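Note that subunit A is present in both complexes that follow, paired respectively with subunit B and with subunit C.
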Partner chain A sequence: MITNKDLKRCSQQVFTYSAQYQAPFYGREKSMIEMENKTAKLNSGEILIISQPLGTGKTFLVNHMIAEERIGVPRGSSFLTAKAVAGNPELMKQYPGDILIIDEVDIKTKYENLLNGMNHLQEYLDDSGKKAIVIGDFSLKDPKLSSCLRDQQTLYEFEQIDRDFLRGVLNQRFQTFMKEYLDADFCIENVIDPELIDYLSPAWMKMVNSFRGVFSLLQSVVNNDKYIRYNNDKAYLEFSMFKEYLAADEDLDLDEEVQYEFLQILREYLRSEFPKGAGITRGFTVDELYQLAQMGGIDIEYDNFADDILYPLAIAELLISTGIPTYDNNQFIRRPAPFVPSLKLLLSVF
Partner chain B sequence: MNEDVILRSLILNADSSADIETQHKLITGMVDLIVKGIEVDMEEFELLVEDIVGNRAVSVRKAKKLLEQTGAFLITNGLWKYNNNFMFHKQMVKWDQFTELFIVGDKANAADPLSVDKERDSIIKGINWTIHVSELAENSKDIGGLPAFFSCNDSDDQIIGYNVAGTSTSDAMSLLCQSTEYLRECGKEAEEIVKCLTFLLNKVIACQCVASGWDRGGFFPLEDQPESDHPTVDATCLAVMALCSLYEQRHMIEDEFCDNFKTGYKDVEQAVLEGLGFLFRMQLSDGSFGIYKYEDGREGASNENCTRIVQSTMGVCKGSGVFDSTERFDLYPACSKIISDTYNYLCSHTAESQEYQIWAPYFGAKAQDYNIEDVIVSTARVCRSFIPVWWQCEDERENIVKYCYDFLHYWQDNEKRVINKVGSYRFNSPTANGFSAGEYFWPSHPDILAAYTVLQAYNIFGLALTKEEWALIERTVQRTLKIQHPHGHWDNPLAEKTPFCAVTLAAIELLQEYRKAKGVS
Partner chain C sequence: MSKENFIYWKEIVGLEDTDFPQMIPLDESNIHKASIVSTRLLPIRNRISTNNLVSIQVQPGWGATTLYKKIVSDLEKDHMRLLINFDFEKNELDGSLTEEEFEFRTKWKLANGIADIMREVPMQQTYMYEVFDFEDTGSTPWIGHLRKKKKRLTECQNNAKDFYSEFKFFDKLSIVDCVNFFLANFQIQCVFMYLFPRKIAEDNLLELVGIIKNKYDGMNITPAAMREVYISTPKIFKMIKNVYTRPFYEIPYKRYSAAEMYSMLVSSYKNDDVMFSSVNDVFDEEFINRAYNERLSMVKIMEKVTKIIEDSLEGDTANIPYKLTISEKSEV
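Right after this comes the complex of A and B.
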């Protein structure tokens, strides 16, 4: 039996979303097959693009493929980044083997570095005849950026987080890090309410749901003594704990009163129009959200609404951008509309 | 109250405590960027805001306002710069003075201003941390040693998980036994030190395979390699060397701390002898060592890390006194033969790299096929294992010195390329059905390992160092001091606030060797 104490002590391992604890790899068989085939067939100068949201396991996948020797990249190779290549293109010459790996081509990097990085990469591939795997978020779908890279292949298979996938990952993590404490017939439903697993992996959110989002939420609740006491009670994570935790906004620290006001309006709207997330099929545009704000009595200019309310809520991970980041009017729009509610927001309005 | 604290708090002039905290983070972030030479344009500032706000929904506009409100920074030609006319209470605050107030880490790690021996203080802090986490593990009663991972909170460090890490436990014991001259000064009661050593010793021995058969005597890595169903060469070497270290220091421990620390050392002697027996069986057909060799003859890939660590272990065992106490004089030539075999293998499997003879991971043929930081880690570890060869084969001393010089110059040439890089030693684990598909790895700071190797060569082999070479060592030592956490540990190089025994041991070894080189130890 896993107790609350056991779970608290192992939560950072079980719910890790970084490479720190060397969690085992799970699933993504189709992705691996496609990646292996496409990488093997890359010709000189060609690039395989992996463009998926942040925190969904792209780097983990590539590392796993290298460890399994399924792609021709020397074991132990660390990845270059767009920023590093932009600052020092010579680094690419030191990269071992024939296939470079460029990671972090995403919104966490300055646009100038993304652009220069990709241009330098293309120049180097032209000169050297080498190939590359480029890993990033939807920034790579922006034509201004992707047009820097000439001969591209795209990794299309990338299993999204659905119930079965999440369940399998969680099961494996518990088996890996807590096997001494598991009963012979352990299954993940012994520790996590099946309803919670469902809510953490809603179908409509598959395209943007991330392991980082799910696991950081699990860690936050487990680490909070109010919901999981440090005692020998049987550990069981229920949906109601998460709802309460998120509704109490304990982890939230909004900056302005008007942000709280809008958040309340948005919550009410979601509660009435999309109970438990049912019916969400697409993201909301800025216009729609602005109209919602005005109907709720918030008096604010359109431009200020986007800058002071929407984007900060997106940074605070209450809203998730599903658009393609793009450079426009001398500004890199990192989190463009449409927006969908994040798990944090949605679970707080159930 | 410290004047700096007052000055800092007055510069942070926002209205709410949340805004003050944001101002502090913004300023610290700006100082960090500017010190690194990064131009902070509006986009860089936007990234900084995203980085620091966490769950707080702060707009870039608000952050800009908060920062400007302090008066310390302003925007000139689209770039954020420090306000060189920043006045505070009618006094100009220069950039150097301002950075002193807000640079994270240096302040926290500032040693007692009356103490001039930062290295000594740092070593003692590290020792105290090791004793503290050992006590945590002992008191938790449900973990049989030290874990692989710890978490570091503001107030304290905690254990993560319930599985013992064999190498973590061995590293902690080695750290304490190699630091006995500092144990006296660490401020702990003798009883506490003895209790800690006893705990670690018992837990190291508990990781040994006692079942009769092929694996007998080997030490399990446990949580370090969860897929491993067999003991491994590296875990065994670390454990055997830790046991020998304690064995060598037993009289000192008894004299200084406790007369009857142990009633006898038969268990330690037996563990060392059995461990050696396991290692002899693990030798590969070509004379080198990999992570494991199955009874049916399947061999793990020969690698430089296992080969060099076995070489070191043989030397440590020969010098420990265990063979004399147990009258196992036959083990002297047996260990000497292994040393000859491994040394010959190492010498004939260097990597091609311009004019230097160095070692690449897994005895790769060309250094250019590997990350430089990994080559530095590999070569540093190999060169530090030459001590037993130095004593056993005097004819090889000239070659050993040449290897060490080659390494030093290779590191010197590539110093800038490895700063802040993380070295990795990767390996597969021996499972019940063969070697694992998954890889594990030891992360490390290449420069810390490199500096230790060079200093050891200076102290033992008489390597002469030029002014520039000393400067390289000094820079590394200063960086090592800088990255020590206030709690006394060093972190996993891949993640902040994750204490790591192996890295803590490596850092303390470096600082001890440095003090020896300086003649203050």
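Right after this comes the complex of A and C.
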């Protein structure tokens, strides 16, 4: 039996969200096969693009492929970043082997550095005949950025987080890091409420759900003495704990009254049309959300709606962007529509 | 008329050279005057001791900088901890910070901090000598060598090339290796504390987040070796969390009460040179009670207090009291 004490002691390993504890790799068989094949077939100057949301395991996948020697990159190679390449293209010359790996091509980097980084990369590949794997978020789907890279292959297979995938990963983590505490007939539902697993892996969030987000949340709740006390009680993570934990962040820190008003309208809408998120199949567009705002009596110009209402709600983790970041009007639009409601928002309307 | 009367009153009580009732900004030399109750500070210290990642979220205009300085001052007295602090309010994040510069600044602070600790606390000699390349030839004692190194540190504070040339240990080891080394051999934990300004361009903030991620994410940091403490507004923290989610222990730092603000005022104006022993002798707390509004910043509240004071001082100078107390007619 796993006790609360055991779980608290092991939470950093079991719910690790980074490479720190060498968590075992799980699943993504199709991704690995496609990556291996495409990398093997890369010609001089060609690039394999891995474009997926932040925290979904892209770097983990590539590191695993290197460790398993399934792609021709020397073990122990560290990755270049878009920003580093933008600032100092000479770094690429020092990279071992034939295949460069450029990571962090995402919204954490200034657009100018993304652009310069990709341009420098293409120049270097042209000169050297080398190949590259470029890892980033949906910024790589922005035509202005992707057009910097000429001969591209895209990794299409990248298993998204669904209930079975999450369940499998959690099970494996417990088996790896807490083996001595497990009963012979252990299954993940012994320690995690099935409703919670469902909640953490909703179908409508598949496209943007991240392991980093899920494991950070699990670790945060387990580390909080209010929910899991340091004692010998049987450890059991319940959906209600997470609901309470997320609801505890009452101060949403929205600046304007109109943002709160829209949030209220959105909550009512979700409660009536998509109870518990059922029925959400895609993100909401700006037009749809603007129409909702208008019907709710919010008086705001369409041109200001995204910047003044939607973007702050995205920053406050109430809406999640599923769009392609782009550069427009001298601004890097990092969180464009369409939007899906976050787990936090949806919980508040349960 | 009331503005002039206020100036006159300040002269009577010896506050003419001050911005009273605005709080006196505290710096490293007088941070001990910061009147922050231990019921606020103790939970923060506990969390830093227990959690690898701590986020202290202070509403804009509610004393983040003073809190930061106070925590820095407290942690600096703790010889079991090495504080590496970055005040991004003072040293603005303007987009010019590169990963190399960040690494240099961090390593310089590690070197400087560990040198200070070594002067005060006896530790395992072999490892101390390794950090500062000491060779015991009999000509210079260890403490003399350390003093020289400290002097050199000051000289190369802004020169990465000189620093790495002089301090080979820090050239050879990564930041992560350094913190692990300090824990393993000196039982010293490194606390990395960052104060974020309340207003900052998203580009510059996220670039810093990217640098931090590249330096530490997935690295083999011994859990007890390192703590990260972020002090920011809730909004800034959400922007950080949005692009780099980690299990921070989040501490929403409640706004100070009117009583606490009055206590701060009394504490910050405590001075042997003034004509009164305490602000309480010349100024009633009811002014702050009247002006207090959570939706305003502390500065704005004190501006409101100024207005209330001035309104209460309408009339003949001869009627101005030594101790200001609120009268029924003092409304804003």
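Just so it is clear, the second predicted complex is superposed on the first by the 305 of 350 C-alpha atoms of A that agree within 3 Å, B and C clash if a C-alpha of one lies under 4 Å from a C-alpha of the other, contacts with A are read in each partner's own complex, and residues count from 1 in each chain.
Note that contacts are C-beta pairs under 8 Å (C-beta built on N, C-alpha and C of every residue); 3 or more make two chains touch, one makes a residue touch a chain.
What you are looking at is a predicted structure, and each value in this text was computed from that prediction instead of being measured.
S.K.: Pick one for A:Tyr245: touches subunit B only (first), subunit C only (second), both, or neither.
M.R.: neither
S.K.: Quick one: is A:Thr81 in contact with subunit B, with subunit C, with both, or with neither? Answer first, second, both or neither.
M.R.: In the superposed model, A:Thr81 contacts subunit C only, not subunit B.
S.K.: Quick check on the superposed pair: does A:Ile315 touch subunit B, subunit C, both, or neither? Answer first, second, both or neither.
M.R.: both
S.K.: Of the two partner chains, subunit B (first) and subunit C (second), which one does A:Lys110 touch, if any: first, second, both, or neither?
M.R.: Both partners, subunit B and subunit C.
S.K.: Once the shared chain is lined up, is A:Pro96 touching subunit B (first), subunit C (second), both, or neither of them?
M.R.: A:Pro96: touches subunit B, not subunit C.
S.K.: Output check: A:Ser216 vs subunit B and subunit C. Expected answer is one of first, second, both, neither. What do you get?
M.R.: Once the two structures are laid over each other on A, A:Ser216 reaches subunit C alone.
S.K.: Who does A:Gln12 touch here: subunit B (first), subunit C (second), both, or neither?
M.R.: both
S.K.: For A:Gly55, using the defined touch cut-off, is the partner it touches subunit B, subunit C, both, or neither? Pick first, second, both or neither.
M.R.: Touch status of A:Gly55: second partner only.
S.K.: In the overlaid three-chain picture, which partner chain does A:Thr176 touch, first (subunit B) or second (subunit C), both, or neither?
M.R.: A:Thr176 sits against subunit B, while subunit C stays out of touch.
S.K.: Looking at subunit A, which of its residues have contacts with both subunit B and subunit C?
M.R.: Common to the two interfaces on subunit A: residues 12, 18-20, 108-111, 251, 253, 255, 315-317, 332, 334.
S.K.: Under the stated contact criterion, what part of subunit A meets subunit C in this complex?
M.R.: Residues in contact with subunit C: 12, 15, 17-20, 54-55, 59, 81, 83-84, 87, 104, 106-111, 113, 210, 212-213, 215-217, 219-220, 223-224, 249, 251, 253, 255, 314-317, 332, 334-335.
S.K.: Which part of subunit C faces subunit A closely enough to touch in the complex?
M.R.: 51-52, 95, 98-99, 202-203, 206-207, 209-210, 213-214, 217-221, 223, 233-235, 238-239, 241-250, 252
S.K.: Help me check something: in the complex, which residues belonging to subunit B touch subunit A?
M.R.: Of all residues in subunit B, those touching subunit A are 18, 43-44, 46-47, 49-50, 53-62, 149, 151, 158-163, 226, 361, 368-374, 417, 421-422, 424, 426, 437-441, 492, 494-495, 498.
S.K.: Would you mind writing out the residues of subunit A in touch with subunit B in their complex?
M.R.: 6, 9-10, 12-13, 18-22, 24-25, 67-68, 74-78, 94, 96-97, 108-112, 176-178, 180-181, 251-256, 259, 307-308, 311-313, 315-318, 332, 334
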